[in-house]
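Listed after this line are the structures, all set down as structure tokens.
Both complexes shown next keep subunit A, but they swap its partner, so subunit B is in the first and subunit C is in the second.
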Partner chain A sequence: MSGEVTLTIDGREITVREGEKLLWAALDNGIYIPHLCADRKEEKPDAACRLCFVEIEGRPQPVTACSEPVAAGMVVNTRSERVDRLAGTAFELLLSSHRLDCGKCAANRSCALQKIARERKFKLKVTRLRTLDRNLPVDDSSPVVTYDPNKCVLCGHCVRACRRQGGGVLGFAGRGFERRVTTFGGASLAAAGCSGCGACAAACPVGALTAKNVRLPNAGAKR
Partner chain B sequence: MSKENQAVSAAYAGLQQKAALVRQSRHEKPLLLVGTATCGLAAGAAAVLKTIKEELARQKVEATVLEAGCMGHCYAEPLVIVYKPGFPPILYGYVTEGIASRLVIDFLAGDDPCLEFALGALEENEFLPALSDFPRFGVEQKIILENCGLIDPENIMDYIAHDGYAGLARALQLEPAAVVAEIKASGLRGRGGAGFPTGRKWETCLGTPADEKYVICNADEGDPGAFMDRTIMESNPHLVLEGLIIAARAVGADRGYVYVRAEYPLAVKRLALAVEQARQCGLLGENILGGGFGFEVEVFQGSGAFVCGEETALIASIEGEPGIPRHRPPFPAAAGLYGRPTVIDNVKTLSFIPSIINRGADWFKSTGTPGSPGTAVFALAGKLVNTGLTEVPMGTTLNQVVYDVGSGIPKGKKFKAVQIGGPSGGCLPESALDMPIDFDSLSGAGAMMGSGGMVVLDEDDCMVEIARFFLDFTQKESCGKCTMCRLGTRQMLDILEDITRGRGRPEDIDLLLSLAEDIKAGSLCGLGKTAPNPVLSTIRYFRDEYEAHINEKRCPSLMCQELIAFYILPEKCERSCDACVGSCPVEAIYNNADRIKVIDQQKCVKCNSCVDACPPQYRAVIKLSPPELVAEREKENK
Partner chain C sequence: MELTDQEITTSREETKKILPQYPGRRGDLIPILQKVQEKLGYVPAPAMEEVAAYLGITPMDVYSVVTFYNQFRLSPPGKRQINVCMGTACHMRGGNIILDSWKRRLKIDVGQVTPDREFSLERVACVGCCTMAPVTVIDGEVHPKVTPTRVDGLLFSFGMKIEKEGGKH
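The block that comes next holds the complex of A and B.
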């Protein structure tokens, strides 16, 4: 894995580290691909958000860029009718279960969903689908962060950040539509032994976990 | 012949000798086999077994009583087979405790074979028809079900006496690559659902260098209406185990797992016993049969998540992680359990292995179709006269399975569709009945071989409701990791619920189709990729039913609760009969001035009790859809 490979993305030749995943190869070269759950620090891709579809010449179906290692001579297109349609559906699905309240949201203007909508000209509104608001209680117990599960898109950044920095208080629980980010036994953050490091809020791309107006001890761990 | 091969031959010959002795001694006195697989137990086999043992003691009759598995005639459980010297072996069906006593008293103590309770004889004879005279006999061909229900699943010697472990003995004498080559040449495709060529999977695993390799039997059967794997494990666990050991030998694995769901306690018990007995016979552990190959198996119990049948989730589950799928590639054959090359095969796939090794790839290919060689095992459920298990050559038509094996639809109802492949499969209409069944024809028609569940639906089944049922299932069983499956199936379910409740919108059909296509193309694992199939196939073949629900608020099959109303036909009502009144749990039925019964629609909870209560000679209670028809009828009758 020491060499470099050259491939073509959207007509541009780029050279990247062998074994690199397509998503990072594109983003590092200024080519945008929508994404939410991808995490550079993880060895294996989660491939959960289903936003980063691209076309690779010779493949019958679009593939997720976060899970696809680059290969020499690979020809990639980040846009096509199929890709835009899949990303658009995944985006609208995520939006259908994300409580939209941009005006009052702490993540307004830094929100990953807003960025995706802007880049791909998606509507920031649920039109075709039914709105699936889970109406879960907001956890305000921690002195440092507020957790509104109704905004969570299950990208997992907070869970991983918490494992790395905060002692692994957060995790996933539940199946299907009931899957959620929560603590062991569903305890409040304060009762679950949250260290208050704020890494989760720094990692959350959509304003589900937000920092309260206090100075965080060691936040700033960038995604 | 090398020294090891000689050792294997000698060791296996020794086992066969022992088995022959056990078998011989068994037929010296009368032998009774009671089918105590789960299907038998559910029908009362435990009580039958107890009665037989007590009655034998009371009558002082010497006989051997054994518990066997399931023969596939689940509709007629409990089943008892009686071997009595001087008579052909006779199969009795629908055996009650009373019939069980009579078999002992009249047949064993006396000499009357009680033919009135017999389903048939197991061999041709002069007394009574044999099973081979049944129409289904001409359609069925049993390779992996051959001994199910006929041998004692808790005695390895019974299996060995039926050439059990001969395939393993042969595999041990071949080079691993030769075993893989034989499976590859046979064209065997995985029976878990997707139909991937088994030999190619094994070849990848064999060719990937690693310090350790694993083989796993996927016995996490979970489709609604499917019970093939359970029956095989309960009826012939050694067959599965032998397949797994051969797979291990072929790819060079020294450890294996049978991943079986904990809700199958009898399968778990019989598998664990099989492993123990195989170890005692030198068929597991170090230096199997002296051939220099060692292998250990653990029976691993799943914790009840449907998605753990997906191979990457299954692996995660064994590793102690939550049972959640991950991205493929890498495929397990290259990097699976603990990152090592791992072969995962379904129960039925592994069950084919011993006979392929024993009789060769050409023999296997002589059955079935060129693209899908061999046989297919189906669990027949739903609106069929003969529910149960069957095994037919690939290429058999649905017609033959539904009518020749299943004996058609009960109560003179009309066939509507057959649901194949469970939540990943689809509903095929009457026009597909002549289609030969194999992997490719089924996916072409919008269904899927799946693991082999086949649910027959009749005119009373609403196809929108069936689609809703399966979506409800997948939506609940989705692990929730990926957006498409977690939220996509939920959106589809909400739309289907709206339609079945009369709140569907004209654009909903197109929205369903569009979502279905994206969920299929965009989901992370096989569960999501196939989840829309029940919806797609029902829209494809039964679009008119969707349209009736949406446009006319009418359920043509009179099944969707909110779109129907119950009505008593005044001209058919026998005034002095109060059966319906008494049956109604909410006192919704009253007498009008002429003593004719009328249903108060405001009170009615649509429980169907009055329909069942109305004596068959009147049949006065009917269902109407849309519910507004009741008011129209009432007006007409005024």
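The block that comes next holds the complex of A and C.
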């Protein structure tokens, strides 16, 4: 059953495992596609960040690479005017509710947002949209991690990491602008029974969840 | 908002009565929560914990669902339910100013209840009397063309009523 499939991405012929998602096929072969919420360990991708759009020849619309399985003979382009526009807008929307404080941020230089901006030549600045600083309190209660919800991009990596390793203390709450990563009843991490495993901080691609006294082991950059 | 010991005990007991009616599948979560709210008028934290234990999921998973849907209340309803209309007409006529007045005077946010459990505040979509915008509906009674001064006046008259009721007991 598990054969291999050959497809073309950006003019390069690539052979990958059948059923692999396009995003991982590209990344494993050194072709970059912006992405935030994609998680290799999950069977069903969230496809929430809307950054990994690619063009597939013969398809009328760009598709998200994280949710698209590879197919034999598929011809994929990771760049096009439409794709860059979609990803650029999604990126700016993310930035509009992300507190930009790179100079003082613990994730500076290892931040996934910085990487995406660098790769795609996006500005790390909000120009077209109104910014939304929710000014939520920073949770400093845990001895292991600091949580600054104002920097959260809602990718869900911490929620999944917590579920696998930390007992599922973290989760999403609310909807729309009110959506945020929090604990049961909105309690502080210390009060919510956080085990202090630090998996969330290791998983956070930005500076929202950071390990205390230690610089992030370049969490975002490697993924 | 702090729950009283009585409220905590009641919510746990009532939830435990509801749970055996369901086979305990994950898909039962929303029907269970609806039943809990039907019984208690809201979905308190102790009830969410009971439901989570019954379905074998984390309390956080239950909290996610409860906070996602507008139909679920996290705080008990007050004796008087204040619904501020935020429909198009009321919005144009300054509905948000009226909502802010209620919030400021009652010192609570939308979806909350005052500590004495007298008033709970909700925002609603159009109530169907746009000519009277901006309107506030209190226990089914429509108050037309509300101004911040009117908010103070309504609260004052309620204060008198509460005092009277208190005198009777």
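By our rule, the second predicted complex is superposed on the first by the 212 of 223 C-alpha atoms of A that agree within 3 Å, B and C clash if a C-alpha of one lies under 4 Å from a C-alpha of the other, contacts with A are read in each partner's own complex, and residues count from 1 in each chain.
Here is the rule we go by: a contact is a pair of C-beta atoms (placed from the backbone, for glycine too) under 8 Å apart; a residue touches a chain by one contact, two chains touch by 3 or more.
Small disclaimer: the values here were computed from a predicted structure and weren't measured.
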item: Touching partner for A:L170 - first (subunit B), second (subunit C), both, neither; value: second
item: Contacts of A:L86 with subunit B and subunit C, given as first, second, both or neither; value: first
item: Which superposed partner A:F53 touches (first subunit B, second subunit C, both, neither); value: first
item: Subunit B versus subunit C as contact partner of A:K104, first or second or both or neither; value: neither
item: Partner touching more residues of subunit A, whether subunit B or subunit C; value: B
item: Contacts of A:T64 with subunit B and subunit C, given as first, second, both or neither; value: first
item: Contacts of A:T183 with subunit B and subunit C, given as first, second, both or neither; value: second
item: Overlap of the subunit B and subunit C footprints on subunit A, listed as residue numbers; value: 172, 174-175, 178
item: Contacting residues of subunit A [partner subunit B, same complex]; value: 44-51, 53, 61-62, 64, 67, 82, 85-86, 89-90, 93-94, 96-97, 128-130, 132, 153-154, 172, 174-179
item: Subunit C-facing residues of subunit A, complex; value: 163, 167-175, 178, 183-185
item: Subunit A partner contacts - residues on subunit B that touch it in the complex; value: 305, 307, 322, 326-327, 475-484, 486-491, 494-495, 511, 514-515, 518, 521-524
item: Residue ranges of subunit C in contact with subunit A within the complex; value: 45, 48, 58-61, 63-64, 67-68
